[in-house]
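The block underneath contains the structure these notes are about, expressed in structure tokens.
All chains are identified by letter, namely A, B and C, in their written order; residue positions are counted from 1 within each chain.
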Amino acid sequence: MTSVKVALQRRLAAFLSDPIEGAPEGAVAVAPATLVAAAEVLKTASEHSLPVLVWGGGTHQGIGGRVDPAIVLSTARLDSIVDWQPEDMTVVAEAGVRIADLEERLAERGQTTVLPETPGDATVGGVIAAGISGFRRLRYGPTRDRMLEVDLITGDGRAIRGGGRVVKNVTGYDLPRLATGSFGSLGLIGRVCLKLWPLPEAQRTVTLAQPQSDYGYRPLAVIEERHQVRVYLAGTSAEIEARTAELGGSHEEGWWWPDPLEGLIGLSLRIAPRLLADILEQMPSSWSYQALPGVGEVRIGVRDFDPETMSALRRWAESRGGALVLTDAPASVYSTFDAWGAVPAGMELQRRVVARFDPDRIVNPGRLPGGL
Amino acid sequence: MGWITAQAPRPAELNACVDCGLCLPHCPTYRLTGDETASPRGRIAAMRAVADGLVPIDDAFEDMMSFCLQCRACEAACPSLVPFGRAMEGARAELAAQRSDAGRRIRQVLLGRLVTSPGLLRLATRSLGLARRTAAIRIVPAALRASLAGMRSVSRPLPPVRGATHGAQGKQIGSVALLAGCVMDAWFGGVHEATVELLTRAGYRVVVPPGQTCCGALAAHDGDARGARRLAARNIRALSGVDLVVSNAAGCSAHLKEYAEWAGDGGAILAGRARDVTEVIAGAIEDGRLPTMSINRGVVAVQDPCHLRHAQRIVEAPRVIVSAAGYQPVDLADDQCCGAAGLYSMLHPETSHTLGENKAAQIRAVGSTVVASANPGCEMQVRAHLDNWYRVAHPVELYWEAIREKELRSRENPE
Amino acid sequence: MRVVTFVRELQDLLGEERVLADPLRRHVYGKDGGIRRGDVAVVTLPATVGEVAEIVRIASRHAIPVVPRGAGTGLAGGAVPTSPSLVVSLTRLTEIEVDVESSTAWVGAGVLNLDLSKHTAAFGLHFAPDPSSQAACTIGGNVANNSGGPHCLAEGSTVNHVLAVELVTAAGEVLMLGADAPDPVGLDLRGIVVGSEGTLGIVTRVLVKLTPNPPAARTLLAAFDRVEDAAATVSGIIAEGIVPAALEMMDQPMTIAVERFVGAGFPTDAAAVLLAEVTGHPAAVAAEAELVRAVAESNHATRIRVAADQAERDLLWKGRKAAFGAVAQLAPDYYLHDTVVPRTKLVEVLAQVYDIADRYDLAIMNVFHAGDGNLHPLMAFDASQEGVLDRVHAAADEVARVCVAAGGSLSGEHGIGLEKRDLMPLVFSEADLDAQARLVEAFDPDRLFNPDKVLPTGSRCFDMGRPVPEGIWI
């Protein structure tokens, strides 16, 4: 064990945690139990310019540039549901709350965050930092539309808050949305207030053999896979009956969400919805996919690393304003196939913004495009 | 500095505006320019600035005020009920009083003399009509030429109707004094014929008093307050002793309804009796005094004159009338001014032309070559911007034609 | 001298017609839909993004503040210049390019909100945010203020419907932030630009998400003898697990004012009126409308009216949307507040609002987006009365404090602008405000764009002592 690491462990003694499964070995693992403690950790790291990797459930660590951290900050102990107001349909939760746990609680009163439906161990903070949305975004919009308030610990250890605990708010700049998908570049997302939606009276999954051009008026979600299409319905029983009749196919009561795709490499293709049908026809037959019509997202599972086809698909997407993003891959892949692809417009501006929150660039450095 | 005339925009009129901006999208000049200073709210702000002594009545103020079409679409949209048309007439009166120039003086002479004299107007009409068909048109200024393009070709000069009395057909239910108007009288005799025929069939005794003159709308809009008052006073004397005073030009009927402003108590009485012909005829159709044709004559594009729709809020009447004639009325894409706007077409030919083209495009989109318009200025403007196979007519003309045709047919085939 | 060169450079770029520099026209541009009047150095009317960028470069060279302006319907002073500024009117940027297959459209900043929905109606699509000023306000203004409207309850505010913005930066660069593809990579800067009130740059074009027109809709009007019953109905409907398209409430004084304007048969004898709209699949609409009716009845609704057709629906909405203007018939001036509280605090806060108005001897009426707790208390007054403005200011301030104390926020949809800038410390700590200021600095280090807005700067730059002209305080 290096002397630096020993010194650091001494400095962060109050926050040390057991080794975190899946996290890079060799880094000091901490799990602060409060936002104040988290601020202490980041302040210390900032003072010594030590890179910090923030770790939630570890389910979306495959996205973005690789980080070689001195400290892994687990949110496992930031795990309380701080405030739930069922009547106002808002919930305040700390970053480390598991989505599955939160959803189970909210379901008691027929409510949902509309965060990803098959979260595994994913946490609220992790999914928000990674900007991951559920299938139901077709009807309710992406995760950023849930964000009402955020408590951030900036890279230099300041505790700041943006937004508010009301469902409609234009007071001040929209930090909650900026934090969504920021991959820690502003600092640690410590706590959030989310807007909730009611779970419908009736739920049904309709399975069709073929994609269609029209799935009826605003279905909850549609997932096109290679050999079937699932259409998710929500509403009153009468509505669901009527819609099922319009759609045809077979159906099951309840929502049956597909499992995450298997494969060596996970990809996320993001394109304008009008381009979806075209590209699905050209998808290599060994790749599995879950395509979201009307959204323009295709989740792809690739069995064997195929840099040529992947690069071709990336070029095709980028030339049309889209992107092809690695969501999971063996470490070696990232050195030959960039996690993000082309650097987006306004990168300089992004750098300037990040510098205002994390001047020493210590939280998840290099995770964003352009090595930011 | 500030206001000097009795017509000037009044504090209550200006204060009624709360700057909400709901008028903006309804203003044709704002729509064309995107410029707040070409909007009703901007014009009110300018009037307030003058009223408060912050700025003088200068070139900028005159430009801003004269660019207004006075279509009053803003008034219909205003939740605060700002009497914008009245305030704008006030601003124009101030301009006339404080910034008299040669152009305005010429306009006043034209408005004061030409349009008040049927004889002169007829002479002018004939000369222009002749000029239009010959090389002499070249000496007419371009702006005027554009307006003339929409003139009716008067193939059958109709007898002047002044002085005539027409008894009610059937049971008399009331008496009407018809405002023969200036332009209407000289250029639109067919509309008068239809008006008289329909009114008498609807049970009215119709008189066309000889002492009447131009209603004064053009003078009022141009800020010629003295002219407007003089004309109103003459008409009040001439058009008395009847139940209703009817005009078949929307600009005139709208102005008659505002006579209280120009002629005190006598004006208020006349204003209370004033009606646009479309209101009276539609009323007669609705209560069965006039017939409804079952024949299908196809589609007619209905152009809403601003002074009918916005100033008088009459929307349904022209549609009721053309429907009774057997047409299917179709609205245009919007109810914006066609750009005629009285003298506007001559003072701001470019803006007028753009609006005219817009309106023509909307009419073409309807897909009918028959257009109903209840105001002579609009009729001419619309015709000028359409190909000559389009027919632009007053709703009462279309209706009277239909009745006459039916009567002829039933005479030929008594079965 | 400097201003003369400045104006000449602008005229060289745009021609004389699109550069307004005379005192009267500058005066006219000195104000928006709110009460404050500012100081305009010159007004420009660019027609292309290139012209906007060049204007910004010229202004930057001369260090003259730039204030972007849409239709000027804002209520918080967002378009009012605090010091002699260059006003950039974006009303001429009116192009619309629809991508029907993706249900998106690139829209010029100057396109009117309602024009966009009219334009896309042929494709069965609309732009969901529908502020009461939607007939007049521009998309650029909606983006600046993150505008809402009655139908935000189910659809969310403007930010939920903006996929990308074309932004002219302080350096005069044109940046495209966001994309028509979902989840563009990198920081989501478009999200921070929406609602930034023109302080981060000038938005010239917007890629908006379009929403399918609902195949069925039903609008219900319910009358109540007690405001509490109306509020309980709102909570009850939400508790039933349905989120109506809109859930709007008016108290009696407001209903009377509106009825006078539209004559739509609003019940003027009711203490509170609730306007609810359910939209969607025909089967859902019927069931949900029944549910709304049942909840209203169980909360003692005295009358329930269901709009029979589109015309009646339009009329009811016209009444609701003209509410603010209609009040001008009652008093020459009014102050329209915009605050948000948690929905469950509506009744409690409303009682305090009435109490505040009583104490300051002001006539108050209320219209609000009850579904999302967005209050619009409106005080009608006559500014020519001695001292009344001070009372209005003080009452407005108290209302804001009461709402914040109840867990609410300063503004739900009108923005902070100048109007509420100095109340920001009520909801944010110094560190929070500092972070926001740093963010602005990242975009606009010299504070070229709309300086002095949103964030308190310690000193107000405009003259508060100046008499308020013809007092219009929406």
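Convention: contacts are C-beta pairs under 8 Å (C-beta built on N, C-alpha and C of every residue); 3 or more make two chains touch, one makes a residue touch a chain.
Note that this is a predicted model, so its numbers are computed, not measured.
With centres taken as mean CA coordinates, the chain nearest to the overall protein centre is C.
Across B-C and A-C, the chain pair carrying more C-beta contacts is A-C. In terms of their C-alpha centroids, the spacing between subunit A and subunit B amounts to 64 Å.
In whole angstrom, the spacing between the mean C-alpha positions of subunit B and subunit C is 38.
Per-chain Cα centroids separate subunit A from subunit C by 31 Å. Contact with two or more other chains is made by no residue of subunit B.
Residue positions of subunit C in touch with at least two other chains are not found. For subunit A, residues touching at least two other chains: there are none. Of all residues in subunit A, only 85, 87-90, 110, 131, 133, 137, 141-142, 144-145, 152, 154, 158-162, 164-175, 177-178, 180-182, 185, 197-201, 216-218, 235-236, 238-239, 241-243, 268, 270-274, 294-297, 317, 320-323, 325, 340-341, 343-347, 349-350, 352-357, 368-370, 372 touch subunit C in the complex they form. Partner subunit C is touched in their complex by these residues of subunit B: 14-25, 33-37, 41-42, 45-46, 48-49, 52, 54-55, 58-61, 64, 77-81. Contact residues of subunit C toward subunit B in the complex are 20, 22-25, 27-29, 31-34, 45, 71-73, 89, 91-92, 94, 110, 112, 114-115, 133, 135-137, 261, 322, 324-326, 328-329, 332-334, 469-472, 474.
Interface residues of subunit C, counted against subunit A in their complex, comprise 99, 101-104, 145-146, 148, 152, 156-157, 159-160, 169, 175-177, 179-189, 191-192, 194-196, 212, 214-215, 235, 238-239, 241-243, 280-284, 286-288, 340-344, 369, 372-374, 407-416, 420, 424, 427-429, 431-436, 438-443, 454-455.
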